[in-house]
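Same chain, two partners: chain A is paired with chain B first, then with chain C.
And now, the complex of A and B:
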């Protein structure tokens, strides 16, 4: 009896195998080879990969292009994460009350999130296009032609123009998470605060925002990881240009893999990107779960 | 007390409504504007986007479908998305099962954390090695099989995370009762647990579907044969070739967006639930 119990228990290990094999072979194994490549000078062609230790990592700091790309990735991530959360929060607060009309608004704000980033990027490429683009055409009709710009071609504007696209696309998605978070705050808390004469702002600061903490943590972390990983928007809108003003790390890694064939150096940049993501995620968790236990 | 407040309350509600309508227009406008060139004739499109088309003719769509061989891209996308999701659910759900019901077992615990790592890593860190592994060692670039395998590996972490979190909420008594009934673990999983997992399964499917259908990067490095490209890379390529013919380029773009927009309208609640689930469990 005991023995048959044991054998049937062992079948649980078998359940794991298909998933584990695929994952180890096509994900974990490449991850470790990537780490190894990053310590070599491999150009993707040569039969031999010469081990050069951490030289690629030191080169990252000397390479002006990678430095620019790192700065751009940081700016993009911080700005997009911050603004998309503000936008999502404000929208959620505006639509907190349950009503049919609010449901319609919720759906409208969420629609862009269903589109592919590829589709979103091309829509905005058209909006921004200098001659026939929608923004400049509308400005012309409104008699505000002086305001028209080469939105993606002007080095001072390109980054800001690019960053608007994720805000447009994901703002509604952030809102949905905040709305779900708002539903978790017991109505009684608001009721009793109202009876005590608390104003809307007081209730927002003392009840709503603390109650939204798990949603805030989730949104911040998801936006941070997503923004560091961003690729499609910039690939389509500017390909890193004009000059290097919108070049980000993900695009650089892609270029090193497919065009410059600097596999070793590109892998080092990829490892650095991973470290940045892990660092930011941990920092956000530490900052927001201070004095708290059990979140996440 | 309420009476005195009412007019002010109404006013703020009207202002709120106006603000919401304004934001909704800002959100919708870019999507509506790109519809204009798709209905314009070539002469009309020369006059810019403010020249609204007279009729809703579908010639551009027909032409764009034909020139981009859209049906081939559509087939590739359906095959890739469908197979990936099927394999992913099959092997992911059953792998999550022991991890969830034997949380303290060291092997299952280690496996679980190994999968979790994949949740955080950017694809770029495995991009170059994958390009080498698939292209040179296994010769699986330019095959749908290779692309599907990469996608299965990429989507497993989130699938396993969602499934195991969900299975943990199923009462332990379920397992004990079926053990007494002499039920093996395989039957226990398929007859008892799997049917209970329907809501989370649909959330997982929707999440993965959005990612798979919309992704550009993986096919970009895995496939360069036009005949094997799924929709998004095909759209990207078509745009490059037809950049000066907005009416055709945007027709393809709309064709690519439509399946998902329709699905969203039909399954709105599941979509929104699927995307926000796991978010606010705290």
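And now, the complex of A and C:
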């Protein structure tokens, strides 16, 4: 009996092989290839690649543009991750109760998440246009022209304007995960707390938020990874400009690989970004699961 | 433990994509009885005219099919570099005189055209024949030439009694008069960094290259520097017109596509750009009256020059299996009938000796006053190392916005030049 169970388990593992082959070929192999390129001076075209050790990695620390891009990536990631989770949480708490009107609002807030990021970026590029854009036009109609701005061209506003787009697009997505988390918190906990005289804030802090911990961990990690890897929004909206105000690491990788004929250096920046993401993710996990059995 | 492994696996899967640079191979374009030439182009403005020429070529050569695709420059640069990295360039691709293409030529990615019959025939003028030359070998030829300057709305100039300026002070007076009358003097496309190179080209042409055609050799040899006072003057002059509001209220928000429409629809009096936009202006507003002059950065009494450069060119992939068909296409493209058709549509200047078409009315002034007199200068970035123009666009924006000083910007450019010069 035990033997036949082991045999059927082995057969099940066989079914994993095609997926594993695809995974190895399309993820693991290119990852190690990128790692190898990062140790060469390859320009992206030449037949020969000269091994230069860790020189590209040392250049990263000397390159002021990569330093600026790293700082911008960190700011973008911290702000977008924090705010998208706050927005998602507030929306989820507001729309937690089951009703027809709440269902309508849930759908409205989730609609941007089904759009392609490229489409979302083009919509907002039009909205932000200083002359004919919807935002400044609305401000003019409302008699508030004094508030109209060059949203993407002003170096003091460009990054904030760019960050608003992922918040708009992914806030609803975060909300859905929190709504699912809220459904898993037994209603009896809230009822008991109410009988004991707990206020809404006390229930939020002591029942809701602890109950949402798995959803918070999931949302934070996904938002962090997504924000570090952001490319399409910035590529379309500002291309890293004006100047270097919205230049992020992914854009640096792209430009080094395709424009400056420094593919090896671009690969080193890509490896550094990967390490940065892994470090941030581990730190978040450690921080959020300090007293919880079973996590890191 | 299983949770730990699951989470780490999820994280690993999500982040691994960052290190992925890979491109696939595709089949060569030859099938039994017919030859398929693949052709990639970064010339969306000229695509209708290239398509028409391709169609007539295929009618005359039924055994050759051309698969043609045109896209904007950002998409194109991305695509061509990825194809180059995978050794899978199309049979015919658009090239320019810029460093990244010279780097591709240096890596033997393009066919050496030097000994081919079309090059031996000597039909091309100097600009066309030298647009993509590396170590004395020709790797590409220019389709046509372009001129860069300030297109101006002639009705607006007439309304305010303005004449074409021929020196810097006159240019500033024109801008001030327009601004005083509530007209945006220059429509802005400075939000797209690459558009800044056109005013810079006029400036460098008038203040550097006109008087010293060998400036590039001296710069590359280290006898001249980008920190020299003349570059300081160039940036100061452009920053002055930026700070005076001659580029309008929100200059850094101005994008290329929008600027074309703004100029064509009378939202501004001038647009500093190249002649490839002429068909676009005519399409956007057929009743628009406009002409072109070089932005005169020179002092009163000094010569003014216009920037004239090879626009786009064609190269053949070194590993193409259809080189003969591609060369046949080149011969056809530059033969009198088809080439005239192309020039008439594109409104470009001829790159072939002895073949000319009637000029578009908007370029008559520069033809009479500059081109016919040889008062032309090339792009200043012809011999810069790869990636330096991209850095220039960034620091230019920073200088205009006031977030970087001019000496700091020039120092960065000079450092990049010396570090990356091979």
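As a convention for this text, the second predicted complex is superposed on the first by the 278 of 296 C-alpha atoms of A that agree within 3 Å, B and C clash if a C-alpha of one lies under 4 Å from a C-alpha of the other, contacts with A are read in each partner's own complex, and residues count from 1 in each chain.
Simple rule for what comes next: a contact is a pair of C-beta atoms (placed from the backbone, for glycine too) under 8 Å apart; a residue touches a chain by one contact, two chains touch by 3 or more.
Only a predicted model underlies this, so the values are computations on that prediction, with no experimental measurement involved.
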Inset, instruction - Mind working out whether A:154 is in touch with chain B, chain C, both or neither, as first, second, both or neither? - result: second
Inset, instruction - Kindly classify A:255 by the partners it touches after superposition: chain B alone (first), chain C alone (second), both, or neither? - result: second
Inset, instruction - Considering only touches as defined above, state whether A:16 meets chain B (first), chain C (second), both or neither. - result: first
Inset, instruction - Give one of first, second, both or neither to describe whether A:244 is in contact with chain B, with chain C, with both, or with none. - result: second
Inset, instruction - Determine, for the superposed model, which of the two partners chain B and chain C contacts more residues of chain A. - result: B
Inset, instruction - Mind working out whether A:45 is in touch with chain B, chain C, both or neither, as first, second, both or neither? - result: second
Inset, instruction - Determine, under the contact definition given at the top, whether A:172 touches first (chain B), second (chain C), both, or neither. - result: first
Inset, instruction - Could you tell me if A:110 is touching chain B, chain C, both of them or neither one (first, second, both, neither)? - result: first
Legend entry - Residues of chain A at both interfaces, chain B in one complex, chain C in the other: 26-28, 30-31, 33-34, 37, 44, 132, 225, 229, 250, 253-254, 256-258, 263, 266-267, 270-271, 273-274, 277-278, 281, 294-296
Legend entry - Contact set on chain A toward chain B in their complex: 8-9, 11-13, 15-16, 18-20, 22-31, 33-34, 37, 44, 91, 94-95, 101, 105-119, 122-124, 126-127, 132, 134, 137-138, 141, 168, 172-173, 176-177, 179-181, 184, 214-215, 218-219, 225, 228-229, 231-232, 235-236, 249-250, 253-254, 256-258, 263, 266-267, 270-271, 273-274, 277-278, 281, 294-296
Legend entry - Complex interface listing, chain B residues touching chain A: 16-17, 19-20, 23-24, 27-28, 30-31, 33-34, 48-50, 90-92, 94-95, 97-99, 102, 107-108, 111, 114-115, 118, 120-133, 149-150, 152-154, 156-157, 160, 184-186, 189, 210, 213-217, 220-221, 232, 235-236, 239, 246, 249-250, 253, 256-257, 260-261, 264, 268, 271-272, 275-276, 279-282
Legend entry - Partner chain A, residues of chain C touching it in the complex: 3-4, 7, 11, 13-22, 74, 77-78, 81-82, 84-85, 99-100, 103-104, 107, 109, 191-193, 249-255, 258, 262, 267, 386-387, 390-391, 394-395, 397-398, 401, 403-404
Legend entry - Residues of chain A that touch chain C when the two form their complex: 26-28, 30-31, 33-35, 37, 43-47, 65, 128-132, 149-155, 221-222, 225, 229, 239-245, 247, 250, 253-263, 266-267, 270-271, 273-274, 277-278, 281, 285, 294-296
